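For reference, the structures are reproduced in the following blocks.
Below are two complexes that have subunit A in common, paired first with subunit B and then with subunit C.
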Partner chain A sequence: MTATMTVTRLAPGVLAIAIAGDLTAASEQELMAAHEHATDDGAQLVVLDFTGLEYMNSGGIGMLVTLLVRSQRRQQRLVAVGLSDHYRQIFELTRLDEAIGLHTDTAAALASLP
Partner chain B sequence: MTTDGQAAKGPRDAANWAANRERLEVNSDAREYGYNVDGMRVAGPQQGFGRLWQRTFWVDLGPAVTPQALIADWRAHFGDFWPRMGRFHGAVSGIAPGDVAALEVGLPTGTGPALATGVLVLYADDTSFSFMTPEGHMFAAMITFSGESVTTGTRAQIRMLIRTSDPLFELGWPFIKRGEADFWKGTLANLAASHGVAGATVEEETECLDPARLWKNWRNIRHNSGIRSAWHIVTSR
Partner chain C sequence: MTGTVGLGSEFVLDSDETRDEPTPAAAVAGRTPATVAGSTPGRGRRYRGRGAEPEPEAAGATVIDVRIDPGDPLLVFLQTAPGPLEVGALPAYSPAVRRMKEQGVAIVVPLVTSGEVVGLLALGARRSERGYSRDDRRLLDNLARYAAPALRLGQLMRQQAKQARERERIEQELQVAQLIQQQFLPSQLPELGGWHVAACYRPARTVGGDFYDLIELADGRVMVVAGDVTDKGVPAALVMASTHALLRSTALSVTAPGEVLRLVNDLLVPQIPLHMFVTCLVLVIDPATGRTQFANAGHNLPYLRGRAGVTQLAARGMPLGLMPGSRYDEHETVIEPGDLVLLYSDGITEQHDASGEMFGFGRTEALVAASANGDDLVDRCMAGLAEFAGEVEQEDDITLVALHRGMGEARHDTFTVASVAGNEREVMDRVAVLVAPDLPADRLEALKTAVSETAMNAIEHGNRGRSDLPVEVAVRRTAEAITVEVSDFGRGLQREADVPDLDLKLAGLQTARGWGLFLVERLVDRVEDAIDGDRHIVRLTMHTAPAADDQPDEPGPPTEGKRP
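Up next is the complex of A and B:
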């Protein structure tokens, strides 16, 4: 099983990518395509919604590092919502939380916007 | 409380990840080599300084070994496959999530002074395992070792996302890049030979993912393991 990516426009310049299922290196094309879609739609803030995430290996976290770099080069902000305690701890362990803001849900992420 | 490699309930991958921790502490049987690791934090590519590279090395082993058998052997004897220029001081039981191993990297002859650093085993399952580097390591990196199924059988692969940690290591990148390639190609050749594939061709692909240097992290030089190793050698004589 691989992950499914669903891109949703939340507000002008704000797009969400809902990631559901198993996030591994096998999902790279889908994730990068979803990010391209969000970029083409003018995203300045990309919300990664992990509510439906069921499994992630180190290939998955590596892809998120790559996605973070792509976003930074395009002056986009990246935030994550819907992480379970387990996956939140992995973000903290790998120090991804220092570059990707963590919020409980999409409403909290949008409320944090300046 | 979740412990390394143990989780009675929760996601399927819970037992594969290291438990969260703020600071690293080297495994008790390698403490004498862990002086550049104890008390450090992990440092991923976003905490490094230099350009971001994705490097991949691989060797095809044919149908004689499955990805699962390959990774079981690699995890059990990880340091045994290293070329003479490196010494890996991991747990006797092999690679497991949460282990913090010390390592030394020196001259190709395996003699003379060596740079001491280490790794955290971030993740391990039956077809892959991954390391993260500590502050002060020459690279701020994630490195994944995997057994892949390909049409000809099994492929042993090493893929890494790396930035040099500080401006000094970035200056040395042209030499470090070549040395690192020799190191991992030597490792994969040794691994292949142990599985009956003599004279295997190890392939390499290197791609620059981000040409920008992260100047906000230039102060990482205070943890530089090369400088600290030299100081340790001088002061311990």
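Up next is the complex of A and C:
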């Protein structure tokens, strides 16, 4: 089982990638393709929507780090919404929460925009 | 190795590679025979650096090879002798001088630096058949002045290299000794019904004189042994090894603790070195009823935390190895469900802090009173001791064994999966079904991820993805804790060289991956690994309730994340 990625345009320059299912190293191509798609659409802010996430392992964490490197290179901001308490804890343990802003949902993420 | 060569009117410095003794100047004069190597016309084999002139077979220089005995009076004479000297001016009673004369040496130049004779230039008769001129002597004197410190430097470097090799060899031997000693300690603590055993062994040096063991007896009871040999380091480790072997073999036929100590003492007395002895405590526990017999040969009295508070299991006796015929009283107690017992060596109670105060029994007892369970007790003892000692280094070997009788029996389940990528998800789900009723939601989720990561390591690294190799999973549930053991056929945990760090990863200084073990260690209460035959086993422990002062994020660095 892998993840399905759905890219949605929320506002000019703001794109969401909804990640549903299991985020492991097996879904690397899908995630990177979704990010390319969002970038091609002119994303300045990428919202990773984990509401449909069922499982994520260390391979998935590693991919998020790679994604973070790529978005920093493109001067994109990355935020995450819909994380369960457990995965929020994992973001804190790995300090990903310092680089990827955490919000409860998409509305809260958009509201925090400067 | 003090090599110097004189040869007709040409001279060559030659260090004697065949003798490995790195000879400092002091050794020349004191311990090892010094060598004077030189050549006189005759045989040209050891001849080097003759400038533009080709190897003259015809010149046929002979090698002057005179070893100067450390006791030879010539050495003392040379220490203060100036410049080039005629061989006739040297003390004739010196055996080395006699040998030099036999080999046709005409003139010698002592190589003296820092007041020490490091070598000697010895030259045969001048080829022109005329004597050595004033210019020749000045040239030789200059040469000696430059050569002496260079030669000494070479000698010192060789000496240091040899000492370094020697230290390295000793260090390697100690590492091997440490591995051997670790084999004596139980690699995995036995599972005793609903009991929980936690232990910590930390020698003050590479190897130590403390020991502990848990011996499963034929009738289902368990003999718990803790001991401490006087002193520390290698001598203590040797006595520890033989005492441990005696205890193990005695336990095969005798299970009464007092009798075990009496027999081991009588076997140990004739073989133990003078002024050494062994304190030792033996408990025989029936895990089903908690009934415990114990006897003590001078070891620290264990603490028992029961409903009535903390008491000591009092039993006294002579340490092992001191007096033949010592007898040991046997005592009995019952360890009730929920009780916690701590066995400990004096490495903890007698550790000093910077002001010279000892950690003592009071602090140890307070930790026993405050701890939630055995793992917690061992962790608190080590943390408390480290904080207390501060900069003061560990003075003696430290051993802690905590026995916690749980409130109920243990339930066991095992299953296997094939080593196929993705099966870690199945392991996680099956474990979750088993343990879900016992854990609060947050602890369940944390354990699930830790189990999945551990299983993924076993599949990918331990069994290298070979689908014919199973990963075995054993789940043990008690009222206090869940343990999940994941075993594979690998050689050990794949530890990352560095702790994964997000900043380093973002800067491209670490790979993006490598979070697995980092997360496992932070998500569960305890991670241990052991080798059992051809199996490598990782044991994860998750207590059913967090310890009172557990920080949810501990021990990660403080997070200052942008929270919504």
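By our rule, the second predicted complex is superposed on the first by the 114 of 114 C-alpha atoms of A that agree within 3 Å, B and C clash if a C-alpha of one lies under 4 Å from a C-alpha of the other, contacts with A are read in each partner's own complex, and residues count from 1 in each chain.
Note that a residue touches a chain if its C-beta (ideal position, glycine included) is under 8 Å from a C-beta of that chain, and two chains touch if they have at least 3 such contacts.
Small disclaimer: the values here were computed from a predicted structure and weren't measured.
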Look at the residues of subunit A and decide whether subunit B or subunit C touches more of them. C
First (subunit B), second (subunit C), both or neither: which does A:57 touch? both
Now for A:97: first (subunit B), second (subunit C), both, or neither, which partner does it touch? second
Contact-wise, after the overlay, does A:41 reach subunit B, subunit C, both or neither (first, second, both, neither)? neither
After lining up the shared chain so the two structures overlap, which partner does A:68 touch, if you call subunit B first and subunit C second: first, second, both or neither? both
Just subunit B (first), just subunit C (second), both, or neither: which does A:108 touch? second
Residues of subunit A that sit at the subunit B interface in one complex and at the subunit C interface in the other, please. 55, 57-59, 61-62, 65-66, 68-69, 72, 84, 86, 89-90, 92-96, 98-99
Which subunit A residues qualify as touching subunit B in the complex? 54-59, 61-62, 65-66, 68-69, 72-73, 84, 86-87, 89-90, 92-96, 98-99
Touching residues of subunit A toward subunit C in the complex: what are they? 1, 22, 24-26, 55, 57-59, 61-63, 65-66, 68-69, 72, 84-86, 89-99, 101-104, 108, 112
Residues of subunit B that touch subunit A when the two form their complex: 2, 10-14, 16-21, 41-47, 52, 54, 122-123, 125, 128-130, 132, 142, 144, 146, 159, 161, 209-210, 212
Of all residues in subunit C, those that touch subunit A in their complex: 421-422, 424-425, 428, 442, 445-446, 449, 452-453, 456, 500, 502, 505-506, 508, 511-516, 518-519, 522-523, 552-553, 556-557, 559-564
